[in-house]
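Shared between the two complexes below is chain A, which has chain B as its partner in the first and chain C in the second.
Up next, the complex of A and B:
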């Protein structure tokens, strides 16, 4: 008689963990930051200072370089510049599906999140360079 | 290979233009493109900052170009649209219960707008210090 070992049947099913929670977390955090801070950031850097309504001295090289050269300033700048990208590129990735672009979904994902990652690393490196100068 | 040939309803790429609800959805998603560009402008500013005073001042004066002003005005409007849509979804995300009773969604949304106003005023004061 051929008795099959019962352990095989009871073997646990292997689950492949999704990477979605990580990206969704960054998407949510970026969306929060974009909702609360992007309007005032655009108002200051894009309108009030270029139009001279706020004196440009408030965003002068010395002031900003000093801020970027402190560890907390560097951290704040990194979050303000890079985090919204993790939100926007997530949305762009899903919008490509909405627009019916079916080809190479996994490459679309790599390119979208990879872009956010690349810019984050770019800014991080520059800030680290200023921090250690 | 399966021989099954499931029916797939045809979907044109302009589906979101035919219904205002879907159009608003796509405008919300499209806001991402403008916010991405704005983040890239800031990232470029950090790059110029690292290059020295002259480079940074060139970045600042480039922001004074009329095209830049118009672009930032557009980004501001579209970012505010993102804010409105984000806050209107907040009750679904927050879902607070106080003493077993769900908190009214309007209160959660109002709380977000109050926080938004305080944050905005706070940032404007901080930059002018």
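Up next, the complex of A and C:
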């Protein structure tokens, strides 16, 4: 008698697949980049150049502009900007939940990932413009 | 020799340790309140033994769960100074001379004193289909057992050591925030069956994993693995399942079911 409803309940159970793998993938890749590259960047721009160990000329506007205007330079810059950004906003989105801010999770998601998306597209267009100039 | 031992014993017995228990008896207390006890201190006395001393000598109304006294049954979980522990595996010597505060496991409703309602946890353990689902059902007993190499066993052995004590649920901030999360022990158990070479139920269980309330409520805090008394490492199990779920997501994009 009791078995029937239970089996029905089990069969009726609906599983909804989360889209999180997409954001988790970007989060992971961005985190990896940030973890490896931030210390190097801090070392170069914060210590080695001010101390004169590396010639500041290597990071002059013209040199960097040239780098950003090459296709491989543009690709590297896009990855360096976009991935850590997706990482950061994913983290912020989950931190809002951790802080117990339950209201408007949908909007929080749209704003967080929307921002990362918008800036990624912006950087992409900017670099594309420089490339095709 | 024996007199010396007795003297040493005597010296130790003279020391006392303060134990504070968060009491709650639903029929008479409006809300939980702390009650202090002083008991003789022995360095080899466990928290569970301290509770038994209190129940036998000071206040017989204190309620707590226990059975095996050797970290096997998983029934004596409680908060010791706000950290989830097994009462039988935590010792007074690690706290003395400080006071020890005991509370019911966090993130669970209190049933009475140190006893919690475990129903949600048990339900989650049952939901992940914690049994081997063989490829074909009709294998006859006379055909013998399902065999496995030591390497195949190694893949899941660690995740099979769980004693269902619930300490990891008590440690998990995500479970604390949202009780719909499947949670560490259940997901570790799920990984244990999915990684077993004799099992063919992965596809069924991945549906549970892929949900928001599956692995994706986890933010890899890792405290579950810190408090686990059996070295199960549920956090690692969940990370492995996240990778599986991501692969499953990619496959699902090209081959929707």
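By definition in this document, the second predicted complex is superposed on the first by the 107 of 133 C-alpha atoms of A that agree within 3 Å, B and C clash if a C-alpha of one lies under 4 Å from a C-alpha of the other, contacts with A are read in each partner's own complex, and residues count from 1 in each chain.
In this text, a contact is a pair of C-beta atoms (placed from the backbone, for glycine too) under 8 Å apart; a residue touches a chain by one contact, two chains touch by 3 or more.
Bear in mind the structure is a predicted one, so any value in this text is a computation, not a measurement.
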**OP:** Give one of first, second, both or neither to describe whether A:131 is in contact with chain B, with chain C, with both, or with none.
**Re:** neither
Original post:
Given the touch rule stated above, what does A:98 touch, chain B (first), chain C (second), both, or neither?
Top reply: both
**OP:** Considering only the touch criterion stated at the top, classify A:111 as touching first (chain B), second (chain C), both, or neither.
**Re:** neither
Original post:
Can A:79 be said to touch chain B (first), chain C (second), both, or neither?
Top reply: neither
Subject >> Which partner reaches more residues of chain A (counting touched residues only), chain B or chain C >> reply: B
**OP:** Would you check which partner chain A:20 touches, where first means chain B only, second means chain C only, and both and neither mean what they say?
**Re:** second
**OP:** Name the contact category of A:46: first (chain B only), second (chain C only), both, or neither.
**Re:** first
**OP:** Mind sorting out which residues of chain A both chain B and chain C touch, each in its own complex?
**Re:** 94, 98, 100
Original post:
For the complex, which residues does chain C have touching chain A?
Top reply: 173, 177, 207-208, 210-212, 214, 216, 219, 242, 245-246, 249-250, 252
**OP:** Give every residue of chain A touching chain B within the complex, in rising order.
**Re:** 31-32, 34-47, 49-51, 54, 56, 58-59, 61-62, 64-65, 68, 77, 80-82, 84-85, 87-89, 91-92, 94-95, 98-100, 119, 122-123, 126-127, 129-130
**OP:** Would you tell me which residues of chain A are touching chain C in their complex?
**Re:** 15-18, 20-22, 24-25, 94, 97-98, 100
Subject >> Residues of chain B touching chain A in the complex >> reply: 11, 13, 16, 26, 29-30, 32-33, 35-36, 38-43, 45-47, 49-50, 52-53, 56-57, 60, 63-64, 68-69, 71-73, 75-76, 79-80, 82-83, 86-87, 112, 115-116, 119-120, 123-124, 127-128
